[in-house]
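Next up, some structures in structure tokens.
Each of the two complexes below includes subunit A, the first together with subunit B, the second together with subunit C.
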Partner chain A sequence: MNILVVLRMVPDVVEELEIAPDGKSLDLEFGRMVLSESDDHALEQALLIKERSGGTVTALALEAREVDEVLFAALAKGVDRVVKITGPKEGATTREAAHSIAQVISSEPGLKGADLVLTGTQAINDLDGLMAPSLAQELSLPFLGIVTGLVPDSSAPSAVAVKEFPRGVGGEFEVALPAVFGIQAAEKPPRYVPVAKVRAVMKSQRIDSVSAAATEEPSLSLLLVLEMTKPQPTAHAEILEGSPEQTASALCGILAERGLL
Partner chain B sequence: MSAEYWVVVEHWRGSVSQITYEALALGREVADQLGASLHAVLLGHNARELAATLGKADSVIYADDPQLSEVVAETYAEALVQLLKSRKPKGIIIPLTNVSLGAGTLLGARLGLPVVNFCTDVKVAEGAVQARCTLYGGKIESRVTTEREPTILGLCPGARPSEKGLSDQRPPIEDFAVSLPEPAIHLKKYIEPEAGDVDITQQEVLVAVGRGIQGQENLNLAETLAKQLRGAVCASRPVIDQGWLPISRQVGKSGATVKPKLYLALGISGAPEHAEGMKNSALIVAVNTDRSAPIFNIAHYGIVADVLEVLPALSEAIESRKGVGSHA
Partner chain C sequence: MGGATLSVGSSSPEITLENLLQHPKGQELLTCIQCGLCAGTCPYGEVMAYPPRRIIAMLRAGMLESVLTSDSLLACVACYSCMAKCPRNIQLTEVLLPLVKEQVFLRLAELPAELHKALDNTLRYGNPMAESPRKRAAWIKTVDFPIRILAEDPRPVDVLWFVECQNSYHPRGQDVSRATAKLFHVLGIDFAILGNEEKCAGECARLLGEKGLFETLTDYIMVVFSKYRFNRIVTSGAHAYDAFKHPYTAAGFKYEVAHTTPFFADYLEQLKSRLTRKLPYAITYHDSCCLGRHNGFYEQPRWLLQAIPGVKLLEMPHNRISATCCGGGGGGMWLDTYYKTKGYERLSERRVKEAVSTGADVIAVSCPYEISRFEDALKVLGYEKKVMVRDVTELLSEAMEV
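The block that comes next holds the complex of A and B.
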């Protein structure tokens, strides 16, 4: 079972986000970049499958700030090979990124012919499309998203995947392989890897680099961003100021007034 | 031929989803401003009767096929591709929910059409459709238009009140025949959530915990507070994904929609996926270290502080007040 995991870096929304001077994009000069949360789950799901059924896991990511740390951490967690796609279009949208990644998957030895292609079900900046269905279309593979459980059977070849529906209902699907899955949550929380182990991996293993194919194609996105702003709230909470004890006491009073105590 | 605008009807397990009516309300506004007719696209099997509630549209385009009996993004996209070969709408609104997610992207990718995700509002300006989209966990808004039509708009819940999309009129139905290939994806069965846990939709008080609770060992603080307030503990997605609470306690897109008298959001940022499940609570109180967290835009009261400091202080304050009350 060969598993390919597509990872993406996104701005850390715990930090303050800044709009670029053009007013139409984010200023990514500052602030931390982190692995997209559902991609982290996709990586964990790939490792769980490998531990259960054997096979190999290859992680693939577009070049971005702090991506090397993420790829070395992936190696430390048990990924067999990591590949960084260098020279992608600056500010590539999700559909453009999917196109670049699919081109590399189709042409790079060792990446073609994976049984499973996993990525996060949705990223916080998937404005012009989602990665998993975009990849599926580029690679002419079936797609299932919002997956929270995945058990492949290489002899079939097929997989049983659980898709999450509203109100806690799961849908069990049979999917012919190879296929692309958008992972919402792995069967277990993403594993922690000690910094020391990542540092050791940095000395003993390497990141393979592959150049993104040069393209003269027009933008695949077809979107025109007119403006990017921070939301102007129509309402804002009344903030209770003071120490934890003072704010707790004030809140207690509010709850009592409303008959909630 | 007059211009058309479409809304793809989301229905699941025999019922039309609320977001369909929200989309119809929005679609009606957009179609009227464009001078276009509005059509609800109903894909299903033996689902004709669902069209009766879709009278906000000028007509329902109905495709019936056994392969459309369940919502599978691939099959839905293929049916829409076939429909788009015979009719050319100016735009298509598709719900961006756990049921329909992926269908819009696949459709756009197959036909080379623009897709705009995370839409929370759509307006017409100078004859062109402009979408407002909420990105980066609710911290950024983007105003977007497209270079060509039709535009596929992935709509988030809450764009319009669902009541505005209802109508007493029965719309005319236009049948459309599809020919779908054998699918690579089959639904085998539904897995119901385990029974026996607290029904959070029935609680008057909910103490909701998010990433700010930091660890499972701190959940007892929330449990204590919930007990004091005669309520229950629920959570946002990250807490459920960590396995700290069962999925039956999840509020938001994949979980429950709740409307308690009091919703205490502790260490929850207020991403749109969570907000859609709790924003109609009667009283919302948020505690978060990030003053710019979107949760403060929907909360009535807020405390900018560490949840782990506020929780014990609040429990103690409630205990003191009860003590005073009992001696009075």
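The block that comes next holds the complex of A and C.
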């Protein structure tokens, strides 16, 4: 079972986000980048499958700041090969990114013919969840999203995937392989990798770099960003000051005045 | 068994679990009389599958692998009790336990979620709380006199104050930082901080067995220290002090270092004339494991507290070398949920019950972990209106009219 995992770096919201001078995008030079949480789950799901049934796991990511640390950590966790895709501009739309990644998957030796392609269902900069279905479309593979469990059967080849629905309803799907899956959550939380293991991997293993050909299509998105702004406060909360008795009395007064008591 | 190593000084070869019993430091273990005092004094000794006595026995019997594949040592809160009470003076927490814990850590199938997050955050942000490293020094804007940051003003300074994570970010820790800054200021001490360049000293990572994270932080901090000229380092972190005083020496740390509590005790005579406000508190002092058992600072905090007018000092039955750990060391700070799931009593709750039994209305502390741990425990036990937790520096600051 050969598994590809697509990892995305997203802005780290521990730091304040800043708007770029063009007023239409994030200032990615100012902030930091972190592995998208659901992609971390996709990676964990791939490692769980490898541990259960054998096979290989390859992680792919578009070049971005701090991506090397993430790829080395993936190697330390048990990924067999990591590939960094260079070429596409930072801040590409999800569909543009999917196009570049699919192009590399289709052309790079060792990446073609994977049984499973996993990535996170959503990312904080892809709330529409377009990455997995876009990859499936580009690779002409079936797609299933919002997956929380995945058990492949290499003899079929097929996989039984658990998909979440609203109101706690879960569905089991048998999917013919190869296929693309959007992972909502791995069967277990992503594992911790001791720093010593990452440091050892940084000395002994390497990140393969593959360049993606420039896309010929002018734009793969119909969305046009007009303006990006920080949330503008329109009203402020009133803070009640004083002793607990004073603030309780003031609060009761406000509730009574507004007809709530 | 794996490649765990421990450097114990430039003249000795590195100790590993494989050569431990051939190494002079490891041969101390052969003198163990299996009296079990270590297990008896261990605050979680009764719940550990492998308390210290049994680990030594397993090592000597060639059966250590069972210990390494167990999660028993996650209950070790690195309180130094086993070492302090050992009648053969075996340096358990200096040699055997770090080596074993490192191997246990590497083999843990799953890390408890809070601990996992704290370690990830410490590596990425330099603090376990996932606070922005760019806001580490934000608290200094709440002090009404300027605090020098060395990156902005790198002139030589007398005291480099290493604030540490909890006192940089936690609201109650920031109270301690304001009090500490006031003491430096009032005493006329020339001091400065690293500001946003500072990161966690990593001592808890080491005592948990996350050696790689500890070494990463050590390497970083040693480079930052080397950029500036100062006479001495003073830190608010009892764990940071312990790290600088002991394991950092293997990385070349040769600076004079003090923790704030014994540091201010050295200025007691100058402070006394300033301590003019009467504080009508019955105070019980909780000995920090790092400052007390590991470094012997038992009396300094008590001298400071007794210098405050109006204070009545009460002792808990377990004090000084016998003090019960707050449960925060060795990663315990992020294992409360794990311990609760296992059905263990939280050590902070055990300690707070003891403090309340003295009749004290203030628990005085010197370690940044203890404030939030004891305040939480007081709330859990319903004592929060009866007893306060205050750092020694906060009480000194409160006792000053200015």
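Please note the rule applied: the second predicted complex is superposed on the first by the 227 of 261 C-alpha atoms of A that agree within 3 Å, B and C clash if a C-alpha of one lies under 4 Å from a C-alpha of the other, contacts with A are read in each partner's own complex, and residues count from 1 in each chain.
By definition in this document, a contact is a pair of C-beta atoms (placed from the backbone, for glycine too) under 8 Å apart; a residue touches a chain by one contact, two chains touch by 3 or more.
If you're wondering where the values come from, they're calculated on a predicted model, not measured in any experiment.
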Task: Specify the partner with more touching residues on subunit A, choosing between subunit B and subunit C.
output: B
Task: Figure out whether A:168 sits in contact with subunit B (first) or subunit C (second), or with both, or with neither.
output: first
Query: Regarding the shared-chain residue A:44, is it in contact with subunit B (first), subunit C (second), both, or neither?
result: neither
- prompt: Of the partners subunit B and subunit C, which touch A:143 in the superposed model: first, second, both, neither?
  reply: first
Message: Between subunit B and subunit C, whom does A:194 touch in the aligned arrangement: first, second, both, or neither?
response: second
Task: Could you say whether A:124 touches subunit B, subunit C, both of them, or neither, answering first, second, both or neither?
output: first
Message: Contacts for A:96 in the overlay, against subunit B (first) and subunit C (second): which applies, first, second, both or neither?
response: neither
- prompt: Is A:14 contacted by the first partner subunit B, the second partner subunit C, both or neither?
  reply: both
- request: Report, in rising order, the residues of subunit A that make contact with subunit B in one complex and with subunit C in the other.
  value: 14, 16, 188-189
Task: Note which residues of subunit C are touching subunit A in the complex, please.
output: 105-106, 108, 110-111, 113, 116, 119-120, 123-125, 130-132, 134, 210-213, 215-216
- prompt: In their complex, what parts of subunit A are in touch with subunit C?
  reply: 14-16, 34, 188-189, 191-192, 194-199
Message: Which stretch or stretches of subunit B touch subunit A in the complex?
response: 12, 70, 72-74, 97-99, 101-102, 104-106, 108-110, 112-118, 130, 133-148, 184-193, 205, 229, 237-238, 240-243, 247-248, 250, 253-256, 261-262, 269, 283-286, 290-292, 294, 296-306, 309-310, 313-314, 316-318, 321-322
Message: So in the complex, the part of subunit A that touches subunit B is made up of which residues?
response: 10-11, 13-14, 16-17, 19, 26, 37, 41, 95, 121-122, 124-130, 132-134, 136-138, 142-146, 160, 162, 164-176, 179, 182, 184-186, 188-189, 221-231, 233-240, 244-245, 247-249, 251-252, 254-256, 258, 260-261
